[in-house]
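The next part holds the structures, each set out as structure tokens.
You will see chain A twice below: alongside chain B first, and alongside chain C after that.
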Partner chain A sequence: MQRWGTNNAGRIDRAGHAARLIVAVIAVTMVAAACSQTDNNQTATGTQNPGTTGVPAVAGPSGVTIRVPADQPTVQAAVTAAKSGDLILISAGVYKEGVNVETDNLTIRGVDRNKVILDGEFTRENGVRVLGANGVAIENMTARNFTGNGFFWTGVTGYRGSYLTTSRTGNYGVYAFDSTKGQFDHDFASGSPDAGFYIGECYPCDAVITDSVAEHNGLGYSGTNSGGNLLLVNNTFRFNRAGVVPNSGSYELCYPERETTIVGNTVYSNNQGDTPAIDVALLAMGNGILVAGGRDNTIERNLVFDHERTGIGLVPYPETDAVDNIPPEDAMKKPCADTKKAPKVDPKTVKNPVYWPPKNNRVVGNVVRKSGLADLGVGVLGDMTVPNLNNCFSDNTATTTSPTDLQAMSPCDGKGNGADPTVGALDLVALMASPRPGKGDYKTQPEPGDQPNMPDAAGAPARPATDVPMKIDVAAIKVPAQPAGT
Partner chain B sequence: MTAADLPRETLTVPHRPARARAPSRRPAAIVLIAAGVLGALVTGCRTGGADADAGAALGSTTTDVVVPAVHSGPQGDTAQFVVKCAFSHAGPDDPIVHPGHHGASHRHDFFGNTGTDSESTAASLVGGETSCTQRLDTAAYWAPSLIDHGEPVTPLGAIAYYRPAPGVDQTTLTPYPTGLKMVSGDPVAQEPQPVEIAGWACGTSSDVQSSPPVCPAAAPLRVRITFPDCWDGRNLDSADHRAHVTRSQQGTCPSSHPVLLPQLTLVVRYPISGDGHDLTLASGATITAHADFLNAWDEHELTDQVTMCLRRGLVCSVASNKAEDEPQDSPTSRAGS
Partner chain C sequence: MGLRRARRQASLALFCVIGPAALAACSSAAAPAAEPSASGTLAPVQSGAVAISARDNSFTTEDITVTAGTELTWSNDGRNDHNIVGVGDTPFHVDTAQFKPKDEYKVTVSSPGTYKYYCSIHGTAEKGMIGTVQVVPR
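And now, the complex of A and B:
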């Protein structure tokens, strides 16, 4: 999509040096006709992000390219100088900085994913943090050694992270919070105590994570109170403590987690006892896909194998210090934005403990094997029973289930066989109490090897995140093939 | 409706009225006029010189105590940034109330800057080491040590929440000036303090109480102290260490303290749950909960956080309801405390 064209004439240098500015002014004058559309575009849209409301005001790239370090010495300087629609193109190098982005519709791209490295030196918090700036795309680079997150969007409409690598980050790798209309694709996230990938506090999220890999994290994926057209498809989650863990909790808004579509992923060997880990990761260890108090999720056609506990598990998420009760059934379609406006809860009315139930989840056509406790499992707490949670299981290739014969007990079509759900049940209380390996240090997790570059990084035009999420033909996705060497 | 929207009342009362200090959930605004009388109280109720905290200073001036509007409920509906800090060290030091007098204070637990002692100043702290995950937060936070059956309890860590107070115009927030000193909570309280200022809770529960509740193992005890958010714009400290700051009321700072600051809430986490504890604070009973803050953040970083996150209404970090992966700094005890 080359709306304005990206050519030499369009690459207007906005470097901070006076000489460069003079040259640029002359250049602009000389090519005024060629660039008039670009200039009009920028004038019409303004360049300062107006805040967290509204959708991006401009949809296309500006045609302006700011090169780092040729035009600006640092990534932050380039971002600060940039205007909506600009492309920031970063040359190979280790950039010891963290970058804050407050301008809409930027495309921030490395020329080489493995050689354009933002390094936090375990001092800086975020590699790139996008603050309320809509439509910002980050592409083809690495963030490592940050105390917080590798790449982080908060409070935005429109975001994309493509061909990104993160390692050794103290919180999350690739992370979106309170944001909608997003896409993470071809990313690689490793070495986070919380999650490699996280999308939280959004409903509907309108987002996709695809063709990405998470390993050596506490959780491969975590999504607290997110969902609604949220797709996790065709990814690999391996060697984490736990693989894919959508979850609910009242400590953040927009509970519960719901309507996440998890299809076509390869999830294996998530038993890694030497990863960094928050406590939830300790609890979840040894599970491939673990829905913790989430509902109305679709889990289909995944390949899941080699887990100490369950391949695909649906369990309650207990909160003993909840700050709200579970919303009523008729509030499940309430948009997150409306939730923010809701009256505060009187703490005295909260009935702790709160057990977020895994309800109405659909588990179909997965291939699950080599699970220590059960290939498919449902756990209950309090007054829950497996049948009344209304989860369903059909056409899965699985050897062991908990309760026993789960697929016949809770099929997706037709009536269950009425079997006793306590036979072969998971003992969640004992599992939660059992000792687990201690936390590893995120600073010493394995460095990822080189990852594939995006096509034509140096020449492709800017592509702000105004066309996301990409369309996915979920129905066409098949169960992945067994990975080589496993 | 936020807490700021709730009806308020202002009481002008002489000297620590029990009713006004009761841990009511109603966010009443209370003004304590404590001049002179409070000094006598402090003298009368202290048990030793080394235990003195803000008492002497409290006794010397009029002190306004305004119950703030505070945040409760889930994170995410209000702009914030959060700093998680490991326990750094403990000692009988207080660089705000007893600067330069090692041993003059009751025992405090320190978080943030790992070099904090009685001699600390902003100049000595800025750029130092920190126990916080946010390595550019080199500010000093401290609170009286929790004592269980006569033995100090080593905290699990602390969380500093920086948010606009409910109801304020967040676009007018100003970063703390370097060197700003604040004390919140009453170290010589004889009656329960307003829980909006200092209170106890189990885990992340919003049910804050004036005395420690019995907590389940999965949500152990925390103390929560909320600091003033209005500054006089001139003084980094004051004789009583309080008069230079106050709290916004109904979203507005008074003309005497016109500079709107973030509302800092410091939460200290303890490995205390279940029955069988005999809890006090190093400052006295658990109703004497209080905390201190000496701003020594990296100035540029703090300005970024305030302007980019809080002024723009964004959530830049959240605290989990479970234990975080905090720095592995091992607890140390200084000065033989």
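And now, the complex of A and C:
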């Protein structure tokens, strides 16, 4: 059967129905011209690629702009009327709707980030949900009061969310799942019990989160079973229960989390006990960057301060109700798509609890201070030991570590000093058992103030997400300066 | 299509009792092929009792082929809410409230045909969290 509706179907159609394809190209062009509600007389350009229904789609901008409410009364009506490559330009207003997108290469943009508001009224699930439509960009608007997510892409290749604001959402703020080649930039996400930003179930993800802010969430960032060219750079995570939490678990496919690059972020004061929270957020509270059962991550040149527990912590994730065991080492490069074909694992073969180990992570050149337990820490459970996890720490500015001599014990270059890893070790069992503040209500979290608008929102041409992720010069990123007033 | 539903076997403990037997039946029942899948491979035909996992946010295995009379058990193995909505005449249906994490949903399929379904929270009839059960005569 058609899976995610794109490539396989497209190949079949192209091979078997060349004539129909040509007719469809002409038809798409004619329709685009005919429905030029605000056509600026450009013709459809760009390479042809298979659309989600096997009909050829336009990869580049079509030149057609559909204005809301001038041309279509609602955002959903505009999306339904739109063709690949169109720009949907939304005027200021509160739109009490949730929008589903199933058309490739749309650009959906508000003219004013703070005045174009999708409002779920705590009855609708998603502000915008992009289902299997490749190349959809959403820009310059706010989603608030949704029971699920603010902006949600699933099963796509090519996505971008720029200058987006989310608040008071019941699951995630800005969310990409089972999707690759993406970018979140200049976004602000607050008031979600799970995470403000989430990228999950992808390998390699080929995605970037940059220049964005998460606050008052259970987790600022969560990435379950994601990684592979996944960059979190130059963001701010503050006032969440926990800041940045890449994690592994068998409740999603494509485990484990691996190869996320976390560089140049400002992470502080993630001890917020009044946020909404899923259970993992309750456990993770008081940590800045906490790798929970992830591996092969790079954590460099971040500024991390003011945390009750650890600034940067590497801990196992104990999954008590796992539905699979940890894959063997030779499966780490397996593409996610392959994992969907696997049958359900016989529960009696699963060795619960499964302890996802934090392995082979590289923590270098961070500035970490004012941590209650340790600026840098590694925790172990079961038969793990700090040395055999093969994490490394070098050139970090840190006052306290756990175990006590962590940086000398596990340097990234050269041999460790052989110090006793049990001295000053984190007592994870006690920490997990210790009482934490209860969950706050996502519906009452603080409303964000006005956020910066994208440049020339009313006049910039459509820019579908066919050029993402942006290139990042990771090596050039420096440790951020201390934020004013902190 | 006839159905026998034992909806929402919510207890994990109960599942642990049922699961191994079901999976044993499942694993022993692989038989000759049905139709080629989209990937061109032949899907094995299963029978007896077959388990499908609803994780966040995928059904695994997405596409299965079973003989008439097979008991299907979907378990919500994820952390999120899910549901099951049949496409067209597909008579599978379980609401979100009855398919929370750890919940189960059982159906015995008796009539041959191709039955598509999806989770409406994380997909539509064609995209996202979807699945297909092809039922062939015994």
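Convention: the second predicted complex is superposed on the first by the 426 of 486 C-alpha atoms of A that agree within 3 Å, B and C clash if a C-alpha of one lies under 4 Å from a C-alpha of the other, contacts with A are read in each partner's own complex, and residues count from 1 in each chain.
The criterion applied here is as follows: contacts are C-beta pairs under 8 Å (C-beta built on N, C-alpha and C of every residue); 3 or more make two chains touch, one makes a residue touch a chain.
All values reported here derive from a predicted model rather than from experimental measurement.
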item	value
Chain B versus chain C as contact partner of A:Pro276, first or second or both or neither	first
Which of chain B and chain C A:Gly170 touches, first, second, both or neither	first
Superposition-derived comparison: chain B or chain C, residues of chain A touched	B
Touched partner set for A:Gly132, first chain B, second chain C, both or neither	both
Partner chain in contact with A:Thr123 - chain B first, chain C second, else both or neither	first
Partner chain(s) touched by A:Gly155 [first = chain B, second = chain C, both, neither]	both
Residues of chain A at both interfaces, chain B in one complex, chain C in the other	52, 100, 102, 125, 131-132, 148, 154-155, 171, 177-178, 201, 249-253, 278, 321, 323, 339-340, 343-344, 347-348
Contact set on chain C toward chain A in their complex	12, 15-16, 19-20, 23-24, 26-27, 37-39, 51-53, 55-58, 60-63, 75, 77-80, 102, 121-124, 126-129, 132
Residue numbers on chain A that touch chain B, as the complex places them	51-52, 100, 102, 122-125, 129, 131-132, 147-148, 154-155, 170-171, 177-178, 193-194, 201, 218, 249-255, 276-280, 318-324, 339-340, 343-345, 347-348, 350, 352-353, 439, 441-442
Chain B residues touching chain A - in the complex, by the definition given at the top	1-3, 25, 72-77, 133-136, 201-208, 216, 218-219, 304, 308-309, 312-325, 328
Contact footprint of chain C on chain A as seen in their complex	1-5, 8, 52, 100, 102, 125, 131-132, 148, 154-155, 171, 177-178, 200-201, 224, 249-253, 278, 321, 323, 339-344, 346-348
